[in-house]
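Heads up, there are several structures right after this.
Consider the two complexes below, in which chain A is the common component and chain B and chain C are the respective partners.
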Partner chain A sequence: MLASPTVRVTLIVTVVGILCAFLGDLAITTVNPWQDLKDLFLGVVTPDFFSIDQVGVALLRTVAFAFVGVALGSLAGFLLSLVFGSRVIRIGCAFVRAIHELFWALIFLQFFGFHPLTGVLAIAIPYAGIFAKVYSEILEENDPTPERVLPEGTGRLARFLYARIPDALPHLVTYTSYRLECGLRSSAILGFVGLPTLGFYLESSFSQGYYSEVGAILILFYVLIATLRHWARPRLIPAYLVAAPFFLGDGLPIVWGNVSRFFTQDIVPAPIRDGDGLGALGDWLTQLLLNEALPGIWNTLLLTQIALVCTGLVTLIAFPLISRHFGNRVSRGGGHVLLVIARSTPEYMLAYILLQLWGPSMLPAVVALALHNGGIIGHLIGRRSNEIQLRPDAPSGFNRYSYELIPRVYPPFLAFLFYRWEIIMRETAILGILGIHTLGFYVDSAIQEIRFDRAILLILVTALLNIAIDVTSRRVRRYLRLQTRVTCEGH
Partner chain B sequence: MDAVHLRNLSAAYGGQQVLGPLSLQIQPGERIGLVGRSGAGKSTLLNLLYDQVRDRAALVPQEQGLVQALSVFHNVYMGRLNHYSAWYNLLNLLWPQRRELAVIEPLLERLGIGKKRRSPVAQLSGGQKQRTAVARALFQNAPMLLADEPVSALDGPLAHVVMGFMTEAYDTSVVALHDIDLALAYTTRIVGIQDGQIALDAPSHTLSPADILPLY
Partner chain C sequence: MLKTFRRAFVLSLILVMPAFADTFVFTAIPDADETRLKERFQSVADYLDSKLDVDVRYIPVKSYAAAVSAFRNNQVQLAWFGGLSGVRARALVPGSEAIAQGKEDQAFETYFIAHDSTGLKPSDDFPMDIKGNTFTFGSKGSTSGRLMPEYHIREAFNAAPEEVFERVGFSGNHSRTIRLVEAGTYQVGAVNFKVWEKEVASGDVNTDDVQVIWKTPTYPDYQWTIRGDADQRFGDGFTDRVRQALLSMSDPALLEKFPRSAFVPASNADYEPIRNTAEKIGIID
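Moving on to the complex of A and B:
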């Protein structure tokens, strides 16, 4: 068995994950974690929808930011996908999507302030990078023969509109609507940095201990996502798009002086700004790298690897819950509800809640990342397992799981897991804002100290680390010859 | 149209020579039937040929090259995209133009798929798809036709209708066929391919099925 590359890679990843778990800090530090968890649970089962008068507005704003941001991102991404053959464009897109929405929001907050543009661009920019990549992959996957038989001299536009777009369109639409769901999650968590979406109210209710309000907000959010298919009908989308910009709220006006100051002064490294010369710049860089970037990278990688292994575990436990080869209709219905909750809760929100309950360590982050990502991959693998036809006399129970299903779903499982590696890392970095010492922690501290030069540099480091993980993941997948039919769901 | 001279055509796949080197001349007015066992290199030869004469040939590839999401009408219209401006093409995509319908409808009627004009190709049967691909090549009206098994999914009488239509519309053609009787009936010259080489090249009227069978 050790000869199989799949087994070897699994072993290496698991051993590295376990080592990281020893090196990382996984303690529960609060005095009474289970009492708080019980209170929260009670809050969720006794939601109070009436005490928060602002929640309707917050819900509307969440939807509006998601629509405007995703629409702009999709438009820009589509245009970029047409020139995706260019290396500059490809690298540029990889770069903007390697920076998390919340980091973009933190950057824009510094010069646009609490203007709606901050939230819109924070979603639109990274999404444009993702859309560009996935759209171009979808267009590439098209059957090339219709283009080949076109008469010579056919114009580029006609070639594109007739031979490329029609067959790709359903895939483009499916992916875009999936992204809209992600956009709702992104929009909700933008509230955590002060924008007027659900996250803002969740945080304020939570910090005051109003668990029934927290429960109400969470339930509203699940309902919003679970019913997405019903209210976001294709025919209604144009109406939503026209209306959405009017529901973003006014925020605060942009002070243009801040914008120019940000670019000409704030983000210029301090030694250059003060005219201290190159020697000082070298010291500044070394200090920043040694004291902040390196510890940040170390903790980010530790947490990423632990979360990756735990995500895999959660997936392998979760997918049988919705697989038709196990259980009955009732148990599978329950499984679906569990997985929907796991994957619709943004990991940031989940980590925030667990962190309040258990205190600052890597544990809440690991659990949040594993539940959210395991929920997503578990759902995909469960669906994949439903396509498998077992012979009538196939074994049942654990034997069926280990002999019939695991060998068949393991390659796609690994493909999805490595596909999400990069996404897990992106989230790991951002969870630093909550107080875990990953890269986001140092970015956030630099911003608190109004040292934007440091913050920007650390964000760049984060982006590069993310691109490195992306490249590694692609290599591993190629080594394992994993077919990733995942363009539409993996991200 | 000038005669087409092809010299030293060859193709390799994964380091393995699958076709040629071979030479072939096509005179205007010649209708060539390519015959031979499947895998002998007929499709490879047709594709190489197409690369050389793209500017004057319509192609019906074995995979048909249809856009599944577009209607039969639009797929057929694509044969003449190069005749019109981008704006007219765009307009016709959104709103099928009467002028085009007037030409394409009778064509589809004759091929027996007139009722399917508005249907997306994805909803058609194999034989209907094949006729749509043929209709596109007929509508294109290029100087010569290259077709790879254009009637393989059609049953007896229908295969004759389609072959007859193609013969009527194109004086010059190269058509790969696995049906020997069809090949003899609708071509003026038979080129037999065996192991990537031309094993037989003779006027159709001098041949009988028995002469071709050894190739299979």
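Moving on to the complex of A and C:
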């Protein structure tokens, strides 16, 4: 049994995860964690929609930033996907998507300030990198037959438009609309760093313990996501896109001198800026790597590995909730609601909430990452399990689960899990902004100290670590001979 | 479809154009309850608007650093800074000056507060037995919530806070520090004494669960800082008019927003002690 690559990889990942759990800090430190949880629950059932006068505007801004950001990202991503064969483009795209939207926002805030462009680019840039990759995969997987039947001498453009696009279009549209949902989450989260979206008010209200306001914002957010397919109809999209730029708000004017100052002074390492020579630069680098980058990387990896194993566990528990092989119509309905809530709540928001309730340790982050990602993969695996036909005399209950279904869904389960490895790591790093000592903590500290040279270097370290995980994950998937269909909301 | 995208793109580019050429914009560090920032400072904006002959706008920010960056980037021209954020901002914007401070800011204090379950009692000397507890600062960029308490902790234990305490956190602002220590999420915390007094007076703190155990020696704190190019942009003597408007603010309802009893003149030199302390603990270069 140990000879099976699947078993071996599962064992290694699990053992590493357990070791990390021993090394990590997983304590609940609040004296009375359930009191706050009860208050939060009471707040959600007694939402106060009227105390925040700005909340309607915030909702509008959240949608507007998502639309403009995702539209620009998808346009740029589409163009890039056409030249995705180029190594430079591929590496460039991997790099921009390895940096989280919040990091992009923190960077743009330093020179565009409170201008709508900050939020729009923070979404558009990483999304362009993701779109480029996925669009090119979709175009590649196209059925080649239509191209073969075209007459000799057909132009490249005509070939592309008539033989490639029609086949790929449904997949492109499906994926883009999925990203729009992600865009709404990203847009809401950008409020945490000061953009005028829902996160801005959620953070303020939560930190004061105004749970009825928190409840109102959360409910609005869930309704927005849950009704997405009803209000974002394909035919209405062009109208939304034309309108969206007008609803971004006016912010404050950009001062262009700030942009050049940022690139020519702010991010130049302090010893070079002050002309202290290469020796000083060496010291500066060593100090930064030893005191901030290394502890940050260590904690980021610990948390990532614990969260990866827990995500797997949550998935394996969650997918039967919506699988037609278990329960009844009512229980599956409930399961769907649970999974929708789990995957619609951005992990950043969830981690923020749990941190307030349980106190500062890795535990809130692990639970947030596991619930969100487990909700996503659980949904995909549940749907996959519905395609499985069991024999009429198949066992029921736990035997059905462990002997009939698990062996059949295990390969796609692992594929999705490893596919999300890199995403979990990117989120883990960003959760540092909330106070867990992952890389994001040190990035945020550097920004709070107006030391952008350090912040940029630490963001680069984060991006490289993310790319390394991405490469490792692809190797593992190849070793296991796993295929994921890209159109399956993997990202 | 492509046409639509292009239109959206062009429209978003149009939005890049400056819209508020000669509005005088100010901000304030988000040191307490952030849900009330707008209502807290909008009345101050209205007051300044009536005293100065330009449009005055207040813009809320999410962090101390964002306030400093906005000031540095000339997106705001005036700011209500803390001691440390003001020092940072003035170092980044040559010519900028501190023009007024709260009466209380000449001798500001940080209170160390502790949860009842720790058994810590108020004392006049630095409470050495806080060692080994969990501890929260306020914002990473705060004077009263980070700089001064960290300085005194380092002086007392000759070690970094991370080595002294079992766990160290940054709550984000002073009201949150009070809430976290009150709930026992952290056992000990450092808080701006004005925010503490205001919250106790308004009955928002359960003083059975959390109490003050030590008060730091006094230091200079909050101040209004204006950019050096304000006169050039808004007319000669503008800086003086702003200073005058601030110093003559006498409406208790307005002063209550800060909360201060009055504003008095200030200068950059008043904040030298803060700069020295920040250099000592290594959070500015």
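What to note about this one:
Heads up, the rule we're going with is that the second predicted complex is superposed on the first by the 488 of 491 C-alpha atoms of A that agree within 3 Å, B and C clash if a C-alpha of one lies under 4 Å from a C-alpha of the other, contacts with A are read in each partner's own complex, and residues count from 1 in each chain.
Keep in mind that, in the parts below, a residue touches a chain if its C-beta (ideal position, glycine included) is under 8 Å from a C-beta of that chain, and two chains touch if they have at least 3 such contacts.
Since the structure is predicted, the reported quantities are computational estimates derived from the model, not experimental observations.
In the superposition on chain A, A:Val120 makes contact with chain C only, not with chain B. Of the two partner chains placed by superposition, only chain C is touched by A:Val193; chain B is not.
When the two complexes are overlaid on their common chain A, residue A:Arg159 makes contact with chain B while staying clear of chain C. With both complexes placed on chain A, chain A has more residues touched by C than by the other of chain B and chain C. Legend: residue contacts after superposition of the two complexes on their common chain; A:Ala244 is shown touching chain C, with no touch to chain B. When the two structures are aligned on the shared chain, A:Asp167 is found in touch with chain B, with no touch to chain C.
In the superposition on chain A, A:Leu464 contacts neither chain B nor chain C. Residue contacts after overlaying the shared chain place A:Asp36 against chain C, while chain B stays out of touching range. Residues 54-55, 58-61, 63-70, 74, 78-86, 89-90, 93, 136, 140, 142 of chain B are the ones touching chain A in the complex.
If you check the complex, the residues on chain A that touch chain C are 29-32, 35-36, 52, 54, 67-68, 71-72, 74-75, 109-111, 113-117, 120, 192-194, 200-201, 203-205, 207-210, 213, 237-238, 241-242, 244-246, 248, 250, 252-255, 258, 270, 356, 359-361, 435, 444-445, 447-451.
For chain A in complex with chain B, the touching residues are 143, 145-146, 148-155, 157-159, 161-163, 166-167, 169-170. The residues of chain C lying in touch with chain A in their complex are 1-2, 4-5, 7-9, 11-12, 14-21, 25, 33-35, 37-38, 59, 61-66, 68-70, 72-76, 88, 92, 115, 117, 134, 139-141, 167, 169-170, 172-173, 175-176, 179, 183-186, 283-285.
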